[in-house]
Amino acid sequence: MKHARHRLLGAAAYLLPALLIFVVFTLYPFVLTCVQSVFTTNAKGDLIGFGGLDNYVRLFQSALYRISLKNTIVYIVLTVPGTMVLSLGMALLTSRDRKGMGIFRTIFTLTMGISVAAASMFWTFMFHPTMGLLNTAIEMFGGEKIGWLTDMDIAIVSISIVTIWMNTGYCYLILLGGLKSIDKTYYECADIAGVSGWQRLKRVTLPLLSPFLFYVLVISVVNAFQSFGVIDMMTHGGPANSTNLLVYSIYEDVFVNYNYSFAAAQGVVLFVIVTGISLFQMKIVERRVTYQ
Amino acid sequence: MKKYSLALLYAVLILLAVLMVFPLLFTILLSLSDNADIMNGQYWPQVLHFENYAEAFTKANLLYYMKNSVIVAAVTTFCQVALALLAAYAIVFIPFRGSGIVFGLFMSGMMIPMDVLMITNFQTINAAGLLNTYAGIILPCIGSAFGIFLLRQNMKQIPLELKEASDIAGVGQFYFFRKVVVPLSKNSIITLAVYCFLVSWNNYLWPLIATTKDEVRTIQIGLRMLSASDTQQDFRLVAAATMIVTIPTLILMFFGQSRLQEGLTKGALK
Amino acid sequence: MTRKAIAVLLMAVLGLTGLTACSSQTASEEVAAADNAGEESDAQETEEAADTGKTEILLWHVMSGDRLEQLEVIVDGFNASQDQYEVVAEAQGEYDEANAKFLNMAGGEGSPAIMQIGDQHIQAMYDSGLVENISDMMEKYQYDSSQLLAQAVDFYTVEGSLYAMPFNCSSPVVYYNVEALKNAGLDTPPDTFEGIIEAASAIAEANEGMKAFSITSWGYLLDQLLTNSGYPIVNNDNGRSARATEAAYQEGLLRFYQFIQDLIEADGFENYGESDDDINAGFNNGDIAMFITTSAWATSIMDSAPFEVGIAGIPHFADCEPQGVYAGGGAFVMSKDLPEDVQAGAFEFLAYAASSEVQAVWAANTGYYPVNQGAYETETMKTLYEEQPMMKIAADQLLNGQQNSITAGPLVTTLVQIRDDMMAGAELVFNGGDPQEAVNMAVESTNQQLEMANAQ
Amino acid sequence: MIKMENIAKSYDGNTMVIRDIGLEIKKGEFFVLLGPSGCGKSTLLRMIAGLEEITAGDLWIDGRHANELLPKERNLSMVFQNYALFPHMTVRDNILFGLDARKVAKKEQDERLNKVAEIMGLAEYLKRKPAQLSGGQRQRVALARSICSQTPICLMDEPLSNLDAKLRGQMRGEIRRIQRMLGLTIVYVTHDQVEAMTMGDRIMVLNEGCVQQIGEPLTVYNDPENLQVATFIGMPQMNIFRARAEQEGLRLNGSLILRRCGGQPCPAPAEECIVGIRAEHFRRGNESTGYVLEAKAAMVEYTGDETQISFENGQGYSVVKWPGQIPAEAGEALTLGVDAEHLYFFDKDTGHRIRQDGGRSQ
């Protein structure tokens, strides 16, 4: 028995720093958020009275919350597949070592080094209604100006474009690494068997790449749920709340409306959704992943 | 590859490259012209205004912010890597009963959106008197769950026999950690360091909340303040500031790219 | 082995504390050696204040760009004008984050003596109980409040006493392209919404398809337009007689949204969403003939336009008597229970900032209008109004307005959300949405927010 | 030097991986733990090393009760199956690994290094990394590390299993030489009986966690305690037949007959039992032996230095092994003679050995 107790003490010493930070700055605030979500709070954030599940009831009754939930789902449906298809395409095209591939690889990973604030600025210039690049180009070809950030239906597409543009770098890096890690012998026997092109992609490359695709999928979904920077810098949730996503609505409730308990409830619901989806992905999707 | 499909391949690649780089080029263009040209939609600046960059540095105090960003990002990265190394080592090499639960706890940390916890963390920092200090910005960000995940993946590839051999040779835990585990995880450590530096450098809302004075604010806040100002948008200045903010990380990406790719792939292989 | 484990533990904890010590140490060390080229850095002053024995007064503000420069002119002027107090101004980004931090610090260490707030925050600040009663301060330091603009005082008066010293007042005005209107046979913009619709086709013909009018969806402009047409924003006399419990703007907002829809049908409206820069760029580009935004940007709009820009009062509905506007903009609140010397210094700065001469210079360079009645008689203002009679219009719009609960402006904790709800509705209508549906959505959200706020 | 009493081990509390083992290893002895894979020999070794906890029983090392001691407090060294060399360290650092922790002076370390490097012939490889060495060289570095630690006891977990046949032969001799030279006490785990026979002073045969037999190699070979030991030791495996005593000899598997012809009577017990005959104990032709067996050759295999002939035995095939290259073809008639003392009898049910004096071994 002496061994077990001894090991526990040894392990504690190594774990303590990380655990300390985790408890103080992640666990404690999260527990407090859960507590706040069932209480009512005043502008200073002190708990006043026990509110029970009023916040949650009001949450699902409020039209604005339903809108932001809908927006988030639309946002995910646009960004996650978009990011995966684009980064997969790029990875496949640059996996073989050919002349000039180095340049393309560097360019494709470029966006990973760009911050949310900077990316938002780049695209604010691109989307500017009068002197933005996109509208000027459209007008040059005789098209009609598009309200990228002012049109209710297009705004969500615009911020999805920015998000895809930002996330591609990271996902591309993972998928390229994945392609490189596939054992060459699989391709050799595919070549011998005369399987090539589309068939090879479907039967050899994708299955063997599935652990990486799965990893990129999980990361993209979690990031999409928690994305905030682009909205805060470009559209402030507008126009007409069409880009008001879950985290932005929490930000607004905390910093604008001082409804800490209402925001706390939204925070808890967001956590449940994200964990639920991640567990779902772990259980269901992972089954179809083939590990080498 | 037939000649025809090779040409097609390169055409598509160039198109994709243009798609990725264009926002950057357009901003560089803006940062070199002056407002009058921009206003009436004339893009190719006849005269390159490099003084925009100088003005951006002074007016928006960017040099100051950049110094803070470097300090904060460097110290955060160092702590994140150190803590992740220690925690991952305990989880992999010291088999105690609760190690699975502890790892699960850290992983759940990845799910909690940081933005939700900001006000509470602000109150904690304020109570601890750490407002307006680098520590105030850094401490809440150094518990990197991703770091522990990545290093644990890597450490699991180290054969357990090395630990047993060390136990028998009479070498202490820390000696084995320092002399064997850390050197063998060098690759992942560098990958994690580059990743953490980028995340910390790009950190956006928390540094603003954790500070009330300009002395300790990071560069992303400078950019946010510049763009969110409700006055007439001074496009060329904002464009120049944006470029100044982005160049350091682009350079880091340029060099860290291959190392990052290798490390992250290993991390992804559960 | 345990000894080794303890060593690791100590090393890690020391590392952390060391980091904290050295970083906070580096921060203060930085403060002393701060190399702040150009704009004066606050760091420098804190250091000086400590040596020259002046009492330090911490001021939080949200100004940026050229108005930040003007604010610093005032702060430096005050610091130079006496040797007892030293005001240190610190930028806090936007109103939202600044207020949240102020409320959370609850007067604790590091919280400011004076804080700049927007007109929409006055009720929340009063409710928080963290701000000083300015009327009491005026009595204590024998300050004659009659010199202040009555309308501004009305707006920031809560339950009989003033809780914020007005500082930057502005109101929405119509900016118009003088030449474009002349081509269409108008020398000043129509003063009713209906007039604008009628003029739309004439303006378009005379200026190759130029749209007549536009406005950003900013809530502040909408509630001022309703005020001018005599519609209250919230019940209980705009929240003045008792705490507001529900929205009262339905009728006014519906008529305004209807006006926008009609203007869109008459092809006289251009949608710029909420972005002031886009609307300004569109105006300079000749896409629109008139647009409404705050008078505070008068100087920068007039400088950047490649044509002569006129300013006029905001329109009203034909059947409503123009009431004027409430004194919107911003003000300074003072933290409660400050130490005697800091309190005295803080109040002295508030008085200095609202004094006629300072307000005159401030108004001339920013487009705000002075909150001090005396300022209008000063030389600076007289010359300004002669050179640019346009600037006087914004002030007259307020000065000649009626004085009633409507023009005193809405007093409600959730004014911020109300403006957001109006904005969301406006953007719906800008995008071709149905006005009634937009109003219903706005009202439902406003009432829900009011209910939650009043429950606290 | 190492004493164990009623040692038992269980991972999950009910299935016993090791059951009631007792042994005593004298100082300087080369003690081999032999058994099929999964019989618990490695677990037993790891329990001595302290890498596995002892569920029950007592362990003494060098007279000290060692159950609770940490591996480093047991003053022993270990060579792992795949060597456990640190990939990022040079050969030199690998060999000297751990000496700093044991506070060995630098000068002393260098002395030991040179001595060991010379013994193991690693002098010119000291600067290299393990990845740049061959299997044999890596194995020698692992051994060098153990020797360098100058611990009296060295545990070895199948150290030669990753080497090719020729190299294995070489290393067997070398390890034995070094063990004798330095007077090390070695506990050597292997599943290869050739290693056990050639290297061990004494061998403990294990199966499913229990001790089958402890004894010197030849004793174990010539006087197996039970069927497991008999069939496990010896290449090719000892031939086994079901035997029933009959008038003129032994009926094997109900078909072949082992006729008795002179010589002392066979010690076959009255009722049915199992008889084992090693392949090399069959004699050619009908030289005067106690018994003779007539059979038909089924297959003939030549390995150059010997010939193996298999023959039908009613329930499969048995094998005869003769030195040299004996001309024979499949189907040829064989007369095989066997001496009485080469017949091993085992109890039909328990597999225990039934000896000459009628006594049964436990």
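Letters A, B, C and D mark the chains in the order given here, with residues in each chain numbered from 1 onward.
Criterion: a residue touches a chain if its C-beta (ideal position, glycine included) is under 8 Å from a C-beta of that chain, and two chains touch if they have at least 3 such contacts.
Keep in mind the model is a prediction, meaning the values are calculated, not measured.
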| item | value |
| --- | --- |
| Path length in the contact graph (subunit A to subunit C, fewest steps) | 1 |
| Most heavily contacting chain pair (counted by C-beta pairs in contact) | A-B |
| Of all other chains, the one whose Cα centre sits farthest from subunit C | D |
| Separation of mean Cα positions, subunit B and subunit A [Å, integer] | 16 |
| Euclidean distance of C-alpha centroids - subunit C vs subunit D, Å | 92 |
| Inter-chain centre distance, subunit B versus subunit C - centres from mean C-alpha coordinates, in Å | 36 |
| Length of the line joining the C-alpha centres of subunit A and subunit D, rounded to whole Å | 60 |
| Shared-contact residues (touching 2 or more other chains) in subunit C | 1, 4-5, 8, 12, 15-16, 97, 100, 104, 281, 285 |
| Interface hub residues of subunit D, defined as touching at least two other chains | 70 |
| Residue numbers of subunit B (touch at least two other chains) | 39, 82-83, 86, 119, 123, 139, 172-173, 224, 228 |
| Residues of subunit C defined as touching subunit A within the complex | 1-2, 4-6, 8-9, 12-13, 15-16, 96-97, 99-100, 103-104, 106, 124, 127-128, 217, 271-275, 278, 281-282, 285, 287, 414, 416-417, 420, 423-425, 427-428, 430-431, 433, 441, 444-445, 448-449, 452-453, 455-456 |
| In the complex, subunit B residues that touch subunit D | 159, 161-162, 164-172, 175, 180, 183-184 |
| Interface residues, subunit C side, partner subunit B - complex | 1, 4-5, 7-8, 12, 15-16, 19-20, 23-24, 26-27, 30-31, 34-39, 41-43, 60, 64-67, 90-94, 97, 100-101, 104-105, 108-110, 112, 276-277, 280-281, 284-285, 297, 300-301, 304 |
| Touch list for subunit A against partner subunit C, complex | 6, 9-10, 12-14, 16-17, 20, 40-45, 48, 58, 62-64, 128-131, 147, 149-153, 236, 238-241, 252, 254-259, 262 |
| Subunit A - residues contacting subunit B, complex | 4, 7-8, 10-12, 14-15, 17-19, 21-22, 24-30, 32-33, 45, 86, 89-90, 93-94, 100, 103-126, 130-131, 133, 136, 165, 168-169, 173-174, 176-178, 180-181, 211-212, 215-216, 222, 225-226, 228-229, 232-233, 247, 250-251, 254, 260, 263-264, 266-267, 270-271, 274-275, 278, 291 |
